[in-house]
Amino acid sequence: MDAATILLQLVLSGILVGGVYGLIGMGFVVTYRSANVFNLAYGQFVMFGAFIAWSFIGSPQEPRLPLPIALFLTLIAVILFGLAVEYLLFRRMIGRPMHATFILTLGIMALLHGAAMLIWGPGVHVLVETVPRGAIHLGSIVLSQEYVWSFFLAVIIALALALMFQRTRLGLAMRAAYDNQVAARCLGVSARMNAQITWAIAAVIATLGGILMGTVHGISTTLGELVMIVLAVVLIGGLDSLIGCVLGGLILAIGMNLSSYYLGPHLPGVEGIFSMALILIVLLVRPSGLMGTRPIERV
Amino acid sequence: MLELKNIKAVYNDIVLALDDVSLTLEQGSVVVLLGSNGSGKSTTLKSISGVLRIEDGELTEGIVELDSHRIDRLNPEQIASLGIRHVLQGRSIFPQLTTEENLLMGAYLRRDRPGTRKDLEQVYEHFPKLAPLHDRKSGYLSGGEQQMLVIGRALMSHPKIMLLDEPSLGLAPNLIGDLFSILKQIKDAEKTSLLIAEQNAAAALAIADYGYVLQSGRIVASGKAESLESYAKVKRAYLGLDKNGAFLSRHDFRQKITDDDTEA
Amino acid sequence: MRARGRRKTSYAADIAVIHSGRQWLTLAVFIGLLVVLPLVLNATHNLNWVTFLNFTLIIIIAVLGLNVTTGMTGQVSLGHSAFIMLGGYGLAMLTLKADWPFWAALAVSTLVTGLIALIVAIPAIRLKGFYVAVVTLAFFYIAQYVIRNLDITGGTFGLIGIPSPSIAGMSIKGDVRWYYLLLALTILCVLVSVNITRSRLGRSFLAVRDNDVATAALGVNVPLTKLRAFFVGSLFAALAGGLWASYVSVVRLDQFTIWDSIWYLGMIVIGGAGSTAGAIMGVIFLRLISQILHVIGTSDLIPLSSTVTIYSTQIIYGLVIILFITLKPMGMISIWQKFKINYKRWPFGV
């Protein structure tokens, strides 16, 4: 393979992974926007959602329920999970300083991680084949089918979400509440319902992301560590922007691919640190990220 | 009919903002609240709309009744669903949303699309300046345009009662007259009751039936609009002067002397 | 019954650490108890309890530092574990690779860590709230990466054979000797911490925590204050790291995890952010939980595998943090203070 093909290969596979990262990041953005929570436990949400799905879907050796039914039950279960998180925890934090909520998410992170370790153990659990596997050859470029599938699914889900926010009454209300909570409530937007929907959406996105990641890599408690990737994705994109999120996912994944290939031989494992470095650079140069809203200054 | 009975409002458990305030708003009438800065006008409106509680305040005494039902324990969103619209002080728009999206939010609690479209047209008719700006992010509108926007937004839901907090704030003098005549039109057409907190006493009293004057959280005068208009105390309370006329600027001082003369 | 009101007639009297003769007595008895504690525990051959005490003391020193950065100044740092790590590795490298004497190595590695913390703080101080947490989190991973990939730090194997200190010719070897050394140093650190709270510096920390903007308007240099908070906080951390490395005579990356950073934050929240006594209570509370689980797990009663113990501890830590932050945000210290006030005012208390 010549240098150009290698580059293309790296970029293409980066795009495929980046789409999934972008989707996962959206769940983080949603709670940040609508519930004002910087949820460091989000990686655990992804992991928990994936395990719940696995419990219903089963492994190739031991399939459990037919896929549609299993997915439906998973959906119900994680929506309930999201609602419970809101009802039991975050509802109590309204009006409290943001760093208190932040530390609360650290506690949740510990709780969920410990629980998952006890329930499912540290091993990798393989998911029933949800999408076709195998390699796709485009000239000399090789892409794996499950990546392509998860990329397209991620794009579809992300588009649906964006449409929801841009085109529906509910989405409009959620954007309005993010802009000006008091005014939105004076127009009849229920703060409580808003919060519930937000957490349910976050849990669902996290789970879908977890299933897609699990399809490719298998499911284990290390999925929780995705939160570091998510942080990089959302900070690059701008904490409150869904489009920025996709952009952040692409940039990060391509960057990780490139750094791993070109720098990896000299600096083993550099791609893991690449996201950290990127976070620092973004925060230094442009704290609101690429697409994040900066407050409109008017007198 | 909206009634406040002897309410006492306290912020952060210590700041007493309203003390023993009673007020009545008949269906289809216009009532103005006058008073200087910090006299408690906004707090009065907030205790009706429920915003008081989400700003860390509470009613420690007294009740608020809408058609003889207590509403002082409800959330702002519940009160909104009863047909009460609070237009908050100071252009409380959704800055990242477009003008039209802002207006559509006004119709959030309604579900009929054709009606919503019609009302949208009507708001643009009332405020023709907004029509060409419908696609603009509202954060970039001028202050006066934003003020029209929030009033238009409240109209979108055909409220039974509108609580307007300083609607004339930041409007050019010629627009203030227009605004109040629009409000009067709406009130006449839809039997909307208006409770208006205003610094601009003259303009508000012109369309009002009744008025109250607040000073340091207490009602110090009330009466029919016409009688209040000629009431020198209005100006005094509204300008924030004490009985001895301390803090008078020269111009206000002259004004006061003339007022006092007419009073005598 | 006599009412116990007590009036203070000067500011000095009000901020005094010790108010009365009786408090002196209580303190003396308390320290006396701490001094004889290992002898009692030794007598029952439960040596692992002294080890437990030693680690607790080391963590108290570290958490006192985080209490400055996060508790007093409100800069939520997830990098505390990294500062401890740097202190530990610094000491190990200076003693092993450069043959420095222990105390000089400890002093220098502590100072250098402080300087590194200043660099980390530069991006952090421009930003607010959780951004600071993200910067320090990123720093944690970068620091780990660097240490893993250098030769001088021993890579993934770490460094072993770190020497113990000696005082007046007596080498500090064995749990009990370490206990007395650590106890003395901890008391020293507690004194420093208490005096920070009472100083001008401490008041500027608290002012920054409570309100950036208003504080700036009062003429406090907010960025500089935040830098100082990071510097001072990391000094405690690095000191603790150096002692830890020497006490166990090895440093390895897996001694310093991101979970530890989280537990340290939890200890502060549980104790009561900003209060020295609170930080100490928080450390002891969480440490006791893990020790009790450990004892249960290794007992014949309910034998648990070590992984079960580890993850049960994690779950309980998480739950405790969640419960305190939702139900008792001011921490254990607030419970204690309420009790004390009611006691003092008796019978007029609320």
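Going by the order they are written in, the chains are A, B and C; count residues from 1 in each one.
The rule is simple: contacts are C-beta pairs under 8 Å (C-beta built on N, C-alpha and C of every residue); 3 or more make two chains touch, one makes a residue touch a chain.
All of these numbers come straight from a predicted model, not from anything done at the bench.
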item	value
Per-chain Cα centre nearest the global Cα centre, belonging to chain	A
Greatest separation from subunit A - chain, by CA centre	B
Separation of mean Cα positions, subunit C and subunit B [Å, integer]	54
Rounded Å distance, subunit A centre to subunit C centre (Cα mean)	34
Averaged-CA centre spacing for the pair subunit B and subunit A, given as whole angstrom	44
Subunit A - residues contacting subunit B, complex	95, 169, 172-173, 175-176, 178-180, 182-191, 293, 295-296, 298
Complex contacts: residues of subunit B adjacent to subunit A	49, 51, 54-56, 75-77, 80-81, 85-86, 88, 92-97, 101-102, 104-106, 108-109, 137, 139-140, 143, 150, 153, 157
Complex contacts: residues of subunit A adjacent to subunit C	38, 40, 89, 92-93, 96, 98-100, 102-104, 106-115, 117-118, 122, 228, 231, 235, 267-269, 272-273, 276-277, 279-280, 283-284, 287
Residues of subunit C that touch subunit A when the two form their complex	74, 76, 123, 126-127, 129-131, 133-135, 137-139, 141-142, 145, 148-149, 259, 262, 265-266, 269, 307-308, 311-315, 317-322, 325-326, 329
